[in-house]
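See structure below.
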């Protein structure tokens, strides 16, 4: 019988420090058994439980795209016991990953639409996965205009710098990266995400917005979109709650009758409007 | 399917027969020590109220080791968790009460949900044949009828046993139950009318006029935002007794423990009454006070689970929390309040 | 002795007066429970509410538990042991004395439902009580039980039945039992350390780690209990006997010199563990070392919170 609690063993192939405060590191994992990579078939927006034997597990969004073969990427913020332990692990250490868990962004039903992708801080991870996937030559023609708004407090807190700088040079995606306050040698935007969104968001017709960020950013961006004419079912968000099993069983991450782990983490605003605000 | 009768002096032989090649489980001990344990046919009694805490321990023990790893690099797979395997033994449980069997069937749909199957639960749940014992005389805490059940309910059972005038009546419920009885060489008897009149009498004896079904018609957000939760929660100590002894509470925590040689990953019962249950790594807690936590418990049982399980409630009226809550928060009163408030609001 | 009904009346009058005089915005007392042999804590905010307050042989929970952190002026119905807990909370700065009005009830002891269950196994749907008797009523029977036969353990040896620090007493003082000689601990003391370890392991073998004992305890008000700490995590969360025993031993030690033997922990325990056993030992030690009993006056200082220059210090190496 398949055991969804049992992690696939992985080797840490690379660790990259992402932010100037060194609180975010991206881990590149390779499966010890190549067969496990096939079993771990995922789509952007899903997450996995990172498992450190003897320490525990943490649910983290998958930062790599399924089109990137041979490895998976996770960007981990140092907050609790497991993530702090991981920040002291080395290349070639063995740990585990369990998943994929949750539902991905509904990219299949969004075909033919323009996409407005809004990210704040380190919540950009699963949206990086989404953009890499969308920009693949076999996927890009299936979607309309793609607009990417990404904000952080300072330049040093922006993730995946090389990548979004490269996207910025392409003509099949519009990139608007912003920081809170003016600093020297900054060549991109300054201002909060909601303000930038208001300025650059495409017309709501035939457009969907994917949003992932801290609660304060979502709180102020949501009205901007609604004002611009986006309907609740075209605003798609990803929730976080404390999780353990990731399978809709252990009972703690529910928002009303829905489990964030099993039934989410991706919900439309239309769905969330029907649910209690317990997240 | 036919019913069968086992005369009083043949009970031991019957139990011998159904436990052939299987472990026999049955309620043992009295009062606060009564629980379902491994036993032998001569020790089985029909004379008990119900087990003190719910029999969920059979399939979902308070602590369960799931997997282990070792740190010795000279051995295969160091630092890789290995499944500790399914230790389920083929068994028959005799004397589980209808409320508990129904409660476990509610949990079964959580452990085997629309996306995932929990192998640790499934292995144990499905290797046990469940022979239930109907409740002819309800106790003061019993309210299964108000929760859509019956003291003679068959949900979650393979066989329903009940005290008949002629001995012990047995009604097969599932194919597995029918097979079990067919192999036991029993006397067939038509007990359907006796069963029916007994059930009607037992339902009446429970004497619960309250119909809690209006909860079903009340909107999720309307119930959630009800200001009454604060006063219901005011008494609560957030101790979690209600969740630990409940047949449908199934929440757990996953923990790793290690020593110098290796470690295990285990699960332990957890409770939504604890602030720790939902606190985020950032310190943010979506259920910061006991009001939210108390609401979660009642909403989960009486609204969320019915929404997900075709109206079946996450409370089956066993009454354990009614008896054991140290501050007398009575789920019957709460359910009534949830339904009558509805009537006032929508009027 | 006034009857239960007379005490009930007196509590209602006192509660109404406390509300009317502005001594309290809420009176915390007991109301009749929904289940035989139970009461429920009740928060009375209006004169009509006050008419639901009662006195009973089942007023077991210690209402001081609701005080720490509660805003506003509060009146609370307190037995002798509860009033002592309140003194402790005030001494430990958990509640301000100025916001408090203690309605003291001289108490003749509370009933242990397990002892009733041992006497009458037949199902009863109704009951009645007087100060000295409990009557259970089943479909075809009625049993009268003498209260003194089913008193809780702590109530049997209680020397402080009349609250000494109440703002108002609702009845005449009642004599306490003889001074506590800790006779219940004699057998335990005769055991070897190994035997004692076995005794305690056996005592807690049914523990569910639900922490009801802690949550029902008026002294367990820590914002984060040591068992809930995660960084570092002091204690495993499984049914491992050493983890479970560590919880109970540490809780016992944390209550040293503070426990008033109110028995709320044992009342709350769903599996009837004699939790108070752990507290009894520290209670005795504190009595032996300092001749101290917790919560008997507003002036006394708990010995474990006081430093004096001439304190015994030779054990610190």
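For this structure, a couple of remarks:
Chains: A, B and C, in written order; residue numbering restarts at 1 for each.
Simple rule for what comes next: a contact is a pair of C-beta atoms (placed from the backbone, for glycine too) under 8 Å apart; a residue touches a chain by one contact, two chains touch by 3 or more.
Small disclaimer: the values here were computed from a predicted structure and weren't measured.
Of all chains, the one whose CA centroid is most distant from that of subunit C is A.
Compared on C-beta pairs in contact, A-B and B-C come out with A-B as the pair having more. Core chain by CA centroid proximity to the global CA centroid: B.
Inter-chain spacing, taken between the CA centroids of subunit A and subunit C, is 51 Å.
Per-chain Cα centroids separate subunit A from subunit B by 38 Å.
The distance from the centre of subunit B to the centre of subunit C, with each centre set as the mean of the Cα atoms, comes to 32 Å.
Residue positions of subunit C touching 2 or more other chains: 230. Those residues of subunit B in touch with two or more other chains are numbered 253, 255, 257. Looking at subunit A, one finds that residues 80 touch two or more other chains. Subunit B makes touch with subunit C in their complex at residues 30-32, 49, 52-53, 62-63, 137-141, 231, 234-235, 237-241, 243-245, 253, 255, 257, 266, 268-269, 271, 274-276, 322-324, 326-330, 332-333. Residues 1-7, 9, 32, 51-57, 79-80, 83, 93-96, 215, 240-242, 244-245, 247-254, 256-257, 262, 274-276, 278-279 of subunit A are the ones touching subunit B in the complex.
Across the interface of their complex, subunit A is touched by residues 230-231, 233 of subunit C.
Contact residues of subunit B toward subunit A in the complex are 66-67, 69, 77-81, 83, 86, 110-111, 113, 115-120, 122-123, 220-221, 224-225, 250-258, 262-263, 265, 267, 270, 272, 277-282, 284, 286-287, 292, 296, 299-300, 303-305, 307-308.
Interface of subunit C with subunit B (complex): residues 33-36, 38-43, 61, 65, 114, 117-118, 121, 123-125, 208-212, 214-216, 228, 230, 236-240, 264, 267-268, 270-272.
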